[in-house]
Amino acid sequence: MDKKALTALLERVKSGDIAVEDAVARLKSEPFTDLGFARIDNHRGIRQGVAEVIYGAGKTPEQILLIAKKMLKNGEKTVLITRLSADAAAQVGRELPLTYHKDGRIGIVGDVPAPDGNGTIAVITAGTSDIPVAEEAALTAEALGNKVARIYDAGVAGLHRLLHNLDDIMSASVIIVIAGMEGALASVVGGLADCPVIAVPTSVGYGASFGGVAALLAMLNSCASGVSVVNIDNGFGAAYQASMINHIRSKA
Amino acid sequence: MDKKALTALLERVKSGDIAVEDAVARLKSEPFTDLGFARIDNHRGIRQGVAEVIYGAGKTPEQILLIAKKMLKNGEKTVLITRLSADAAAQVGRELPLTYHKDGRIGIVGDVPAPDGNGTIAVITAGTSDIPVAEEAALTAEALGNKVARIYDAGVAGLHRLLHNLDDIMSASVIIVIAGMEGALASVVGGLADCPVIAVPTSVGYGASFGGVAALLAMLNSCASGVSVVNIDNGFGAAYQASMINHIRSKA
Amino acid sequence: MDKKALTALLERVKSGDIAVEDAVARLKSEPFTDLGFARIDNHRGIRQGVAEVIYGAGKTPEQILLIAKKMLKNGEKTVLITRLSADAAAQVGRELPLTYHKDGRIGIVGDVPAPDGNGTIAVITAGTSDIPVAEEAALTAEALGNKVARIYDAGVAGLHRLLHNLDDIMSASVIIVIAGMEGALASVVGGLADCPVIAVPTSVGYGASFGGVAALLAMLNSCASGVSVVNIDNGFGAAYQASMINHIRSKA
Amino acid sequence: MDKKALTALLERVKSGDIAVEDAVARLKSEPFTDLGFARIDNHRGIRQGVAEVIYGAGKTPEQILLIAKKMLKNGEKTVLITRLSADAAAQVGRELPLTYHKDGRIGIVGDVPAPDGNGTIAVITAGTSDIPVAEEAALTAEALGNKVARIYDAGVAGLHRLLHNLDDIMSASVIIVIAGMEGALASVVGGLADCPVIAVPTSVGYGASFGGVAALLAMLNSCASGVSVVNIDNGFGAAYQASMINHIRSKA
Amino acid sequence: MDKKALTALLERVKSGDIAVEDAVARLKSEPFTDLGFARIDNHRGIRQGVAEVIYGAGKTPEQILLIAKKMLKNGEKTVLITRLSADAAAQVGRELPLTYHKDGRIGIVGDVPAPDGNGTIAVITAGTSDIPVAEEAALTAEALGNKVARIYDAGVAGLHRLLHNLDDIMSASVIIVIAGMEGALASVVGGLADCPVIAVPTSVGYGASFGGVAALLAMLNSCASGVSVVNIDNGFGAAYQASMINHIRSKA
Amino acid sequence: MDKKALTALLERVKSGDIAVEDAVARLKSEPFTDLGFARIDNHRGIRQGVAEVIYGAGKTPEQILLIAKKMLKNGEKTVLITRLSADAAAQVGRELPLTYHKDGRIGIVGDVPAPDGNGTIAVITAGTSDIPVAEEAALTAEALGNKVARIYDAGVAGLHRLLHNLDDIMSASVIIVIAGMEGALASVVGGLADCPVIAVPTSVGYGASFGGVAALLAMLNSCASGVSVVNIDNGFGAAYQASMINHIRSKA
Amino acid sequence: MDKKALTALLERVKSGDIAVEDAVARLKSEPFTDLGFARIDNHRGIRQGVAEVIYGAGKTPEQILLIAKKMLKNGEKTVLITRLSADAAAQVGRELPLTYHKDGRIGIVGDVPAPDGNGTIAVITAGTSDIPVAEEAALTAEALGNKVARIYDAGVAGLHRLLHNLDDIMSASVIIVIAGMEGALASVVGGLADCPVIAVPTSVGYGASFGGVAALLAMLNSCASGVSVVNIDNGFGAAYQASMINHIRSKA
Amino acid sequence: MDKKALTALLERVKSGDIAVEDAVARLKSEPFTDLGFARIDNHRGIRQGVAEVIYGAGKTPEQILLIAKKMLKNGEKTVLITRLSADAAAQVGRELPLTYHKDGRIGIVGDVPAPDGNGTIAVITAGTSDIPVAEEAALTAEALGNKVARIYDAGVAGLHRLLHNLDDIMSASVIIVIAGMEGALASVVGGLADCPVIAVPTSVGYGASFGGVAALLAMLNSCASGVSVVNIDNGFGAAYQASMINHIRSKA
């Protein structure tokens, strides 16, 4: 149950639409469910506005299934599974209504919510090889209720390929820049945009790219203000924060 | 001239409050001013909503003065100077109305604008030694028009010191977490908050902290979702992006 | 022969329960047995209180068998084999009464002794993927005569999952904290517990976790006092030292 | 107030030796005192058995004085200040009864408690240059109520210098091994001792010692079981954990 | 004596303008002069077209003077001294006709030759702090007979500041790009230019710039073709190779 | 369409050899073609003199085919594909006239142009294992219109093997030095040659060669002037720049 | 032809035992043989006393065969092939009289010469897993004419296992110490021995051993004088230098 | 007392030249002298043939004096002090007959013994800045009884400067190669010489030389056989081993 659902429930209590005892029953779930190998954080939706996400890497299909089922039972409408291998997806899909996106290794059980953010999240990649990470980001953002604009293979070695999408850049609410090799795209986009830029270094490259370290360092040292960075290949993390930013409402 | 000022000017043109030729005169500034050793980006305010900031490190007091004067002449109301040494501040202060904050090495020429963001930016440090970076962040955020809540020395070795401020954490619009050593505070706050967390590793520590690298890596690998990272000791960068986030308006 | 057995033997000599020459026969083993490819340290039990442990990685099943048989012949009651692959376990199991624990890659020939330590060793993991290292630690601790409390998937991104076990933490004699990614759990537990904490970084993670380096550095820089660290994925080493601590008797 | 004092107080309540309201007055201190720049953890003594220690590096003499005075006012009998420069010590000494140990950069306000541990903590260094770190450890251990045996300049290049102290090694409750350069001493001592060994790499050396990294890695990879490691030059941390170990009582 | 001078001498021999024995006298210099602390490579001018350059760092003013005098005596018309401190320059200047450029720490004894290359070498910096390295490059290039175009503070955070000089970029024969921090400028210029780009990372930056490593890695991984790299802060090396390129004549 | 073709077309317009509208038709290609997963930079030939090259690593054979066909359709006469696996080559070869060079993993569709550079590019390797990178360089250079001299297995451990080719070294226009391990060859050749040397570190070696880092660092620190460096194993990049240098014409 | 053979030949010339022209014929071999992919250094035996050794890694069995046959044809009596895989050995063995040592991946074509050194080379390993590197060293030493003493699994965690061989250590001419993990054995042996110690770090270990880096750094920082180091896993290199040392004759 | 002196004494006992009790008196020194801060290894001369050397760095002049005096009292004829600052030398020189060599920071109390090795130790540097390390090596070698040939500034960028000394290289018993930057000299000399080469990387250089790491890695990866390496700037260590090698006598 996330914040939105909690608020709706309480309003139904207030209006008499639901009996107090029924509301209690729905609310009295324990704060976490201990499956032995995993402790599902049931209150995360209330605390942070988004239900727990299943990180598929290093979990068996059986473990993923158990967690997903428990979450559905707890009332989640969308269960997002990241780093899901094709094999595990096949196995999960036999028991649950899973939509699997191979490129981004993302599985979604249930419905993708309608976008309700402040605006659009632009996802820009430097090259073709960065697309898997970009799709992880884009699909996560969509699963969290955001409109996404995809701009792929727009690296700085051919600036006109990027400037072609200047309107998308200028009108975005948040931008996720995804690049391996020297990661220069983050600085160039950061210098053009007037919204927060979240940079994702990728492990694309060879030799002195050191599995993404070159891009990571470049992004951390960006001469453009307004750029922050997440872990190498962490498309999910970038999208998660981007979604938070895209859903900020005035608390003034 | 920033976006707000530009909009105001154009509305005065529309209302006839100012003659077209006078508006043209004000607008016809070149996109950058070349001082030989520096090219001031005059359009950054229009493009990104915030005028260029002077990075004081590695510039002589004379260079800083020249740039600040040119910016004031170009119509900026607030000139923010970061990494400003006490000596340079003294020299700048002799010619311009400078307010100097020694802790955060921040100098501000002109007025600090009234807060006009969506909510509050919380600045949390793990220890006492992180305060200089925190002040760089807090003062920058204030100079960019944000309300700031300071929570200092709230590291995870005594969790109750942090949980004491749970309300501030839960009600913030953006949180900047500043920590050296093992940087664990970012993950703990990231797990509690429902808003974006920008983590700033600091060079506080010794031995295997490697000048902030330990904290940097910890923050990049945070198990909490919604955490992004900026460069070691980069209080300014964190505040700049936090301010962008705190000023997001719906573009829907 | 370990210290306990040696003491018992000498007391039997003293009480006349065994003839001196028989005791001599049992004691006159050479200090090490040279198998050519390995030198078994026969005196380690006397010197250090625990017989040599077989590190299975990089040894052939034949070599493991030879060493284990020699140790049994030397009078060891429990032979602990770490980093034992399933294949090697199958082969060893054909000739010796081996109990194999797949999760922790631990094989035990003979009986697990009854716990005789000062108290309980708590083994806490941050996530599900850390469980193999945790099982290596927990099974080692049990094989060395300790009572173990397992607390798995209690990472700091959901503090309540950890605080749920506060009693276990406060009542432990030693705590082994096992975490990959940013390793923050060590600091949080270190700040809560009043007993020694041995931190084990794991190679769980990706990108800038650098195979466990991020967690290792975090743990070395822990802001909590009373935390020491062993090698990445070294569950055995942590348990070995924890057992030493848990068996300390007053020498005053 | 630490655990021992708390227990004593409660026993006086039980015996009627002190009025309940007076006990309440003494106990009702807030869990932490916020000095603005620092939050003193007043409950650490109760929670962890040892009052907070002041880390002097990066604090002004004024800040150190303020914290020390507050701690004394809160009833602490011994205030330990680590990484205290000679200059700061002089200033603190003008207002408080400080004993300053220059070698170990340790200041102690108040009395050093009588040793009440299980046995002796041996502090062994490889060379002469490691002595400052060793003194930080030895003095901390003494301030925390431990008997300490100092064995300095006993590096492995002349094994007989170490073996000369074999009795001290075999009879210790805990051993702290302090070495820079290649840090081999930790493995040799770890192979001889039957008690926990805490290894402290030091920044002693040049070239490829990389400020202690060579020794740190060596110690993390020790082929001797029962060795754990703390941060480079962290004599305090080693002594703190050693004291915890030396004070373990049976919880069985 | 360099190639040009050698060719001229031989042509004078051919034309009878100089007696054979006089030419022999000039040519019979030994291939190197051994000063004990240094061996001056007298044939480098003939072998490589440019006389040896004095690397001033780590040499005493006396050593520099001795080498410079010997080179002048050997017939060099221009002696280039790099990394020359102001103090050493003062001392050298007392005995030799030295022109000293403080910004680039370059000293030149004798005349700067007229430009005779294929075209212009453009020297572009990302920021103001990169100027010392740029001046080392620009002055070296001029001393080696090249026309130089200086374009300073044209970093990618404000692309229009760079595009303003698009003509200079498109018409250069070789471009030297000098940048610290994330070094993105090399890729952007590399994507625009049709001539070789030599990238010089600088140690400008802080934190995760690691003294120029971030820029170095970025430049090595440039997604733009035609970019090669020299050592951090090595303005001289870049200019030396740029001059070689700018003087290439058809050997077809 | 590259510069040469563009110039030829415009001269035919001038001479009336082609109708203006036909020329327009040929020229009005969009600056890039967006294939979704890739944006082909159609203007790169005009801007940089060489058409885009297909980097085969991380692209599917289908993607490579699509890009290659589009480039051929755009009028390219030679399509160079680097890092092309044998499998992908087989698949591409079924639809396009591909010449595949297994050693250098290079595929070429169409004709290799006749050499038209200033002179010869020498490609020198230290060992036998460096040959694949050398072939990537040599074949790329040939595909870009250069004459190439191959000198393989001429490492410095047997100097006479290198000096045997002194004439080739002295007469080259550009030299590409390819070496793994300690990379000393670059300095030795750099000290002999009077033309630019581009050094390519290779990942040949083991242990402390760290996948080419040892050679990379050696080459960046070369004591010979006139040496620049490209990424580890980047034979293509070295050849691309070498070709630029070999085609420099006077712009004076 | 090596030095010994050359000397013998010349003495036969002197004594008239062979005609001058026949000697010339034998001597007039070219200094290297160019096979295209490799240049065999034919003079290395004369220059350095030992014929070229074939490094098998990264060469095809065909290449190895070609080189070996050429060397035999040039008169070599022993051809040493290192890093030879079992598969390649099988293929080489079908055409040449190869003795293959699987443990050390060493192949020897021809006879192993009788030992003719100053004394014995001791090869000591810390553990069982270091044996492959040790065998590479021991077999190489034997192939180069040395008597070898093997002492395996004598790590410092059980000092008596090492001290058992104190006589071998004290009587050796050169000692090769081979250890992974923390590499402490080199320092302990270095402190005991009165002959040169060559330390070989191995890639044995896991986690923070970083593939041998921990041992490498430890050995470089050895507190024992008289220890030098070769590359990780470079048993061959250590043996080669040890053989040189063991064959030193007085040149006084 | 070293081996030579011990042998002489015993021969005097044998010949009746000295009374047994007098010999006993001289021999009954304890194996080490404990000065509290240092343990002098009195048996090292007997065990290793060379008396302990005082490493001056990190010792006070008073400590150095105490150790030196004790060693003289123990009968040492030559006391070698390395890394001795000029200030400490002045202070030591006031009480003991010290010869101080500023370049190599070496102090020698007593006489330098006459050379008695197998041949000459050649000390070769790549540049002028490497001379301090070279002098540490050369003076140490001389103090240990070796003849030394100094060849300075013979780097590979001008090969003829090195080849000029080919005779010295070919006739040496051991060669110490000292180089910073890319350290290529070790490989070139290693390829020419027929004796052991000990390579000393120096911290000379800047940027990506990383304080000697580039040279260290290069030397560890040398393609020339017969090269071993010591720590960065460790001239003493190289000379110590070189002297051992130069004094090897046949033990056959």
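As written, the chain order gives the labels A, B, C, D, E, F, G and H, with residue 1 at the start of each chain.
The criterion applied here is as follows: a residue touches a chain if its C-beta (ideal position, glycine included) is under 8 Å from a C-beta of that chain, and two chains touch if they have at least 3 such contacts.
Everything numeric here is computed off the predicted structure, so don't read it as measured data.
Taking each chain's centre as the mean of its CA atoms, E is the chain most distant from chain C.
Between chain D and chain H the CA-based rotation angle works out to 90°, given as a multiple of 5.
Inter-chain centre distance (chain B to chain F, centres taken as mean C-alpha positions): 45 Å. Taking each chain's centre as the mean of its C-alpha atoms, chain C lies 62 Å from chain E. Once the centre of each chain is set as its mean CA position, chain D and chain E turn out to be 56 Å apart.
For chain D, residues touching at least two other chains, in rising order: 157-158, 192, 207-209, 213, 216, 220-221, 225, 231. Here the touching chains pair up as A-B, A-C, A-E, A-F, B-C, B-D, B-E, C-D, C-G, D-G, D-H, E-F, E-H, F-G, F-H, G-H. Considering their complex, residues 128-129, 131, 152-154, 157-158, 160-161, 164, 204, 206-209 of chain D touch chain H.
Of all residues in chain G, those touching chain H in their complex are 3, 47-50, 53, 117-120, 171, 173, 192-196, 198, 216, 220-221, 225-231, 236-238, 240-241, 244-246, 248-252.
Listing the residues of chain A that touch chain C in their complex gives 31-32, 36-39, 41, 43-44, 57-59, 63, 201, 203, 211-213, 216, 231-234.
On the side of chain E, the complex with chain A involves touching residues 126-127, 155-159, 181-184, 186-188, 190-192, 205, 207-210, 213-215, 217-225.
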